[in-house]
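Note that subunit A is present in both complexes that follow, paired respectively with subunit B and with subunit C.
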Partner chain A sequence: MTAAPFPATLAPVKRIPLWRRYLRRPLGVVALAVFAVVVAVAALASWLAPYDPNFVDFAITHAPPGNGHPLGGDSAGRDILSRLLAGAQTTLYGAVITCVAGLVLGVPAGVSAGYFGGATDRICSWISDALQSVPGMIVLLVVAAGTGQNFTVLMVALGVFLAPGYYRIARARALAVRKEPYIDAARVAGVTNARILRTHMLRAVYAPIIVQTALTAGIAIGMQAGLQFLGIGSASTPSWGQMMNDGFQNMLTYPLILLWPSIALGVTIAALAFIGSTLADLVSVRVELPTRRGVARVRQALEAGTSSGTHAHQAADCALRIENLRVGYASPTGVKKVVRGVSLDAAPGEVLGIVGESGSGKTQTLFSVLDLLPPGGTAVADGIWVGGEEVSRRSPKERAALLGRSIGYVPQEPMTNLDPCYPIERQLAEPLRHVHGLSKAEARQRARDILVRVGITDPDRVLAAYPHQISGGMAQRVLIAGAVAGRPSLLVADEPSTALDVTVQAEVLELLRELQREYGMALVIVTHNFGVVADICDRVVVMKDGRVVETGPVEQIFRRPADPYTAELISASLDDAEGRDELDETWLDRRTAQEGAR
Partner chain B sequence: MSALLEVENLVVDYRLRGRTRFRALKGVSITVKPGECVGLVGESGSGKSTLGKAVLGLAAVASGRITFDGKEITHARGRARRGLASDIQVVFQDPYGSLDPTMTVGEVLAEPLVVAGTSRVQARAVVTGMLDRVCLPADAVHRYPSEFSGGQRQRIAIARALVRRPRLVVCDEPVSALDLTTQATILDLFVDLQRETGVSYLFVSHDLGVVRRVCHRVSVMYQGEIVETGLTRQVTQDPVHPYTRRLRLASPVADPERQAERRATWLGLRD
Partner chain C sequence: MLRFIAKRLVSGIVLLVVVTSGTFFLAHLAVGDPTAGLLGNNATPAQQDALRARIGYDQPVLTQFRQWFSRAVTGDFGTSWRNFQPVADQIALRVPVTLSVVMVATVLSAVLGLAVGVACGLRPGGPLDRVLKLASVVLFALPGFWVSLVLVTWFAIQLKWFPAIGYVSPDRSVGDWLRSITLPSVSLALGAIVMVAEQLRNGFLQVTNQDFVRTLRARGLSRRRVTMHVLRNASPAALTTLALMFVGLLGGAIVVEIVFNLPGIGSLTQSASQIGDIPVLLGLTAVTVVFVVIVNFLLDLVLGWVNPKVRER
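Up next is the complex of A and B:
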């Protein structure tokens, strides 16, 4: 048992960097290309511009495009193209200053507030809220007047007003990450708070901050143009906002003067917005819903497949019967088959255990019965019978109708399977009213009765409580109550006791056994623990890599396992394994013997 | 042999809403000797993890003393606490949350060394050696935690704990999130590493079977108090306290006949 079952080298994993994935999005590529052109033009403005942007030639006042002035002249007789190019420089310089100011103020404050909490958080959040509630434009005008229209100072001030955007995002991420055990581990490893903030925390906020910067840059450019439009900024520095002001005053007579800077501004802001949304798409974890073609591809790949496992009962007598079930997921490299031909059955009043290690496909088999596979999963079977009726060809709606009536389900994690926003009463009574058409009072009475039945001594308190107000063991009792409230003929349970400690586990297993006998249900229980199997099961299905290794009555499986894998799993349980003192004795004996031989 | 870790009459309170307090530890005492593995068993809410956290400085102590190697560390903060990092380390339960998903395994393992001032070249050599010890291939350094299974991640977490050659490792339910077969190999790894390095373990678990496999001595906790302490063999086979008896009978054995008997006895004790 000491052998470590690990390969000497790991299989190569294809990791696709973010920028490569970005380049696969056409919209993102176009937006990035447009923005790159704007940046290039701004950088090369002094070489590209045909004239000095401030050179006045009265001959071209209000001139239409042509005569060596591709975009014509403005109301003061200056070349519009040259001013547009120089304006790009001003615009981007301002945007960079604004974003840097926002980043420098918002991110460290947000990360510290989220990480330290307490007073730091309260003070920082108060300042952030105050900034958001002050009318920014008025303050900016005051700043402009007070600093002699210094453009850089004004852009920094604008950055201060955009800092709360960064602050909110950084704080939210830091709050979530602070509770992760790896932060505790870093503290125990002697990492200083400053270093934790610099490494772990900053890495956690990195992706959303990049997205936020693309969006902030767009906002900054818009606001900057607005300020310039109002006449703020040095008259000798050409800017798009200033040009728009000029165009606005001559809009009715010479509309083209307004058109050019408007296009430049609109295109730049749109490019930044699309870059931001493409990045946001890439960094957020989203499950792609399978396409019709994808599902057909998975179905086709699952078409052929030999069955594994045997049936013990006549088809008509079964509470559950599965015939040659296959489950697959579409993946970039083809179809991933997680269940590869499984057959099993369970009679009313029988407890069937499905055992296997993680990745053996046992939970996927269960979810196929419930028709609750995660998105992207497709199940194909020669037949699934529930209570003697074939259901695998029914529509999803008809399959869903079985839940709560014919099939009850007890999940693995009690806490995450109760909605934290509703009291227990509502979560128990609502399905009863919906599925069984009971009145509000009847449903409440039924929910109360069933809570008493699952061993809850103060049902009224539990009915009124929210999930966070009850313990894990109590939550699992509530979920079991919900599963059996509709008097199903088949109860399926997915590792119902794994998340609980042994004392509660024993109680939950005892309760399941009692209910199963009382109602004469078939119970199908998925577990990796042979102790649980020995405790409750009548028959066992052992699964490995999506196939049934062996099926048999519980005594036979434990006494005479037919497959070496079953024997290995049973021997992994620590019941009869040597204790530490015995292990140490044999080790010491061996060492003394070795030293004696030397 | 004098004790490496000594906890005397430790009291820890958690602040609930407003001024109400919840007393998680009600005067707990425990000792761990060099090279020894001491188990802490109990159900959730018994305070066993809180004791581990208090030793690590992650839970504030209301009263009592924690002494490590003769020095009092009850309220060690800041620099003093960081100084303990080379002596006291931790392995957490959750193999998914305990490794930073944005760092490669090499960065995760090198971090404790780098903050202690080890040069990068030297750190790399130590990390490679450590990976070999926990039976992971050397090319794991360039990979991210998400590319590993639960058992492999727990090996990485163990490697991180041992990389600075500490004298005490607090193991907070380190195998309860793993498959039974993986549990067995990880427990054997803990035992092997203890023999090789002479490290002490404070081993928190809810499973008496796990504790029996790795611990020399064990303390049983119930509602913030230690109800029974003794040699593992004695506590797991012939417990004195009724709570320990119930705890022992609650964990199912992988044998239908013996489990039927055990369940019957447990049901008898329950009423």
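Up next is the complex of A and C:
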């Protein structure tokens, strides 16, 4: 949660209609225009075509372009342009049939499967998976074997094979929406399933369905042409696939006959594909690394900035010292500054707490020390000192070399911070082997020892386990073990106890304190909870809106908070710790007061 | 693990039975009377009756199905209605050709898809990533036979680097075999390569932003080692796509085989479909579904190896 680049205050997004945003994409506009031309040509084919597409004039057999036949004649003496125009009609008709069949089968099934779950979901998903593992082309040829002349039936059959695409998308969207609170609210309010499906679900699926339709239409046209190329479909209905087959037979002698339908087919499919991808781009956000110019812009915006916070030690004596740190992210509306001039320090053997609410910039400060900001984040500081040495001017590679050796990191959420694909042993031993140069056996022994040290009673089972097989408290112990395995001089912990049960919280904090004393590390601990500060910290830094509000020894801050914000935070944290009886009392008091006021 | 294998095996057999039975009835429904297609329009009623009796078409459909099914489970797919050769022999003769093309295309998709996907995932928004995006849009939609016609015109007819048509068995010359299947495999693989690469790239980016990657980096692991972790976590979607692509390639191979005049199961499917040779079509369906089941089974094994959570489901 605290890792989000733009916490709490995100500028409201203006709702611009999809089609207007679409029209701002040049590639999308060109693709749409091309497709519109194809549609127009198909609609007006009978007026535009200079000849009857099936009229045979032996004089123009294999004729080159010219003489009233702009694209020449085919191998049977028919006008290629007229056949191309009529073929556009066939192509689009088939694509519409296929898409409608896919839509009608896939979307309702997908929405119901996602919404109702259970047996409906299992049966529908099995059918969809089965359809996807059947080579559609072969079954289509079977269908065509008897109904070769009936183009519509064949296109419906093709739609059946493309339905799983619709099904998957509709199901995934319905599943996501099903979990939204407003659907529960509607159900509790007595709205019928049918009504919920009609109103909420269809609204949720419509955008991805449009994208899918553009893509499906492209694929459908391709497969249709493939079938016609194989000689399926009525000989009297001109089609692009059929024309390509004719051209293919004469490829060596009259390559132009092949060229025209190939261009028509390629352009139409490409136009649909680009329409689909432009739409897909608009409805989803593609992650992209910030450009060099973007980084420069953020750096420039961060240049000015006054420092907040004080230092308690000499720079050379510090395990960690931050001087005037600023962190910013490039956003569409400018540069979002999340840390605005933070200074602090911690001596070896000292426990420093960084306290503040969500969005105060405390986690961002921590990530800046590690040089591991989320993508798009840029940190600028007058100085960052680790173990008495200035490191902020060093290259990213040199900064990375500090990790695991000088600096250990304990994350917030234990279950998402272990790689789900590897057993614990591998995750503990890999850094020991490849960062600290231990042999395989030594690394294993060291990993086992350190697990015992962090209080795990059956280390061999835990070493062999995968992350999903151990509890959250145990995972956090494993992560602490990983953080201290390299014997760092500085341990940074990001809300190390927040995600855990209350009883485990205290144990984990106690363990951190013990390890800190035993190894003589400096411990910097980020938290929103003054209870944690009272438990283990020596000094505390209070942060708000990216700046340091006040710094001082724990007793002083607790007894005489200099800033009203600190006092507020302290009382809020102590509220958390209030007993059940007291809470009930305050509630009763408030209610009496309210009733009295009436 | 044994239970997992047994479960997959059963579901594969169920799929095989459902699809082949479905195709049986679909084919009988679609083809109607096969004698017109087999004998032509000039056959006498007596000739038609004789043929119907010979191929068992005078029996009720359910009886035909029972006979076909009881023989099919023993691996006997009957004889072709056209030339009365055993179906199994005809298919066995042609499978190596199709498999050569499809396997080479699959390997190409896996290797190149992996390379391109990782390269784009490491530098999203970079030049290669933008090319991939454009290529994936176009190549995904363009049918393989269209691509193969372009490739034939360019590389076989204009440049004469590869033979335009024909198949050389690897028994005769491995080099010529490779040359004969290069263009067909590439035209099939192009679309699959970009699909696999796109999946891998997106998975890669998703995983890169996950918490455990930061923690791995915070442990001091090198970029290369962290990338290996990311890759393993990102691969399931790409592997699933690869398996789906294999199914697509089997279908796409039919048309590509016609373009390159390869004697594979594709051309057999086409000719059988034109005359309504149901036993051959059923045999072809069964063989392809078996391939698909095998590939899906391998996929499940690999997915279980990649991510241990899958194994316990």
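Annotations
Convention: the second predicted complex is superposed on the first by the 431 of 598 C-alpha atoms of A that agree within 3 Å, B and C clash if a C-alpha of one lies under 4 Å from a C-alpha of the other, contacts with A are read in each partner's own complex, and residues count from 1 in each chain.
To be clear about the criterion, contacts are C-beta pairs under 8 Å (C-beta built on N, C-alpha and C of every residue); 3 or more make two chains touch, one makes a residue touch a chain.
None of these values were measured; they are calculated from a predicted model.
In the superposed model, A:219 makes contact with subunit C only, not with subunit B.
Shared-chain residue A:528: touches subunit B; no touch with subunit C.
Contacts of A:143 after superposition: subunit C is touched, whereas subunit B is not reached. Within the superposed three-chain model, A:471 lies in touch with subunit B and out of touch with subunit C [touch as defined at top]. Residue contacts after overlaying the shared chain place A:56 against neither subunit B nor subunit C.
Legend: residue contacts after superposition of the two complexes on their common chain; A:133 is shown touching subunit C, with no touch to subunit B.
Counting contacts by the rule stated earlier, residues 3 of subunit A appear in both its interface with subunit B and its interface with subunit C.
Partner subunit A is touched in their complex by these residues of subunit B: 37, 43-45, 56-58, 82-86, 88-90, 92-94, 97-100, 102-103, 111-112, 115-116, 135-137, 139-140, 143, 147, 149-150, 152, 157, 160, 164, 179-185, 187-189, 191-192, 195, 206-210, 212-216, 231-233, 236, 246-247, 249-256, 258-259, 263, 266-267.
Listed in rising order, the residues of subunit A touching subunit C in the complex are 3, 130, 132-139, 141-148, 215, 218-219, 222-223, 225-226, 229-232, 244, 248, 251-252, 255, 258, 262, 265-266, 269-270, 272-274, 276-277, 286-289, 291, 367, 370, 372, 374-375, 400-401, 403-405, 407-409, 411, 413, 416-423, 430-431, 434-435, 466, 468, 479, 482-483, 486. Chain contact summary for the complex, subunit A toward subunit B: residues 1-10, 13, 180-182, 184-192, 195, 199-200, 203-204, 206, 357-358, 471-472, 500-506, 509-510, 528-535, 554-555, 558, 568-570, 572-575, 577-581, 583-584, 587.
Listing the residues of subunit C that touch subunit A in their complex gives 15, 18-19, 23, 26-27, 29-32, 37, 123-126, 133, 137-138, 140-146, 149-150, 152-153, 157, 205, 208-212, 214-223, 225, 229, 232-233, 244, 247-248, 250-252, 254-255, 258-259, 269-270, 272-276, 278, 281, 284-285, 288-289, 292-293, 296, 306-309.
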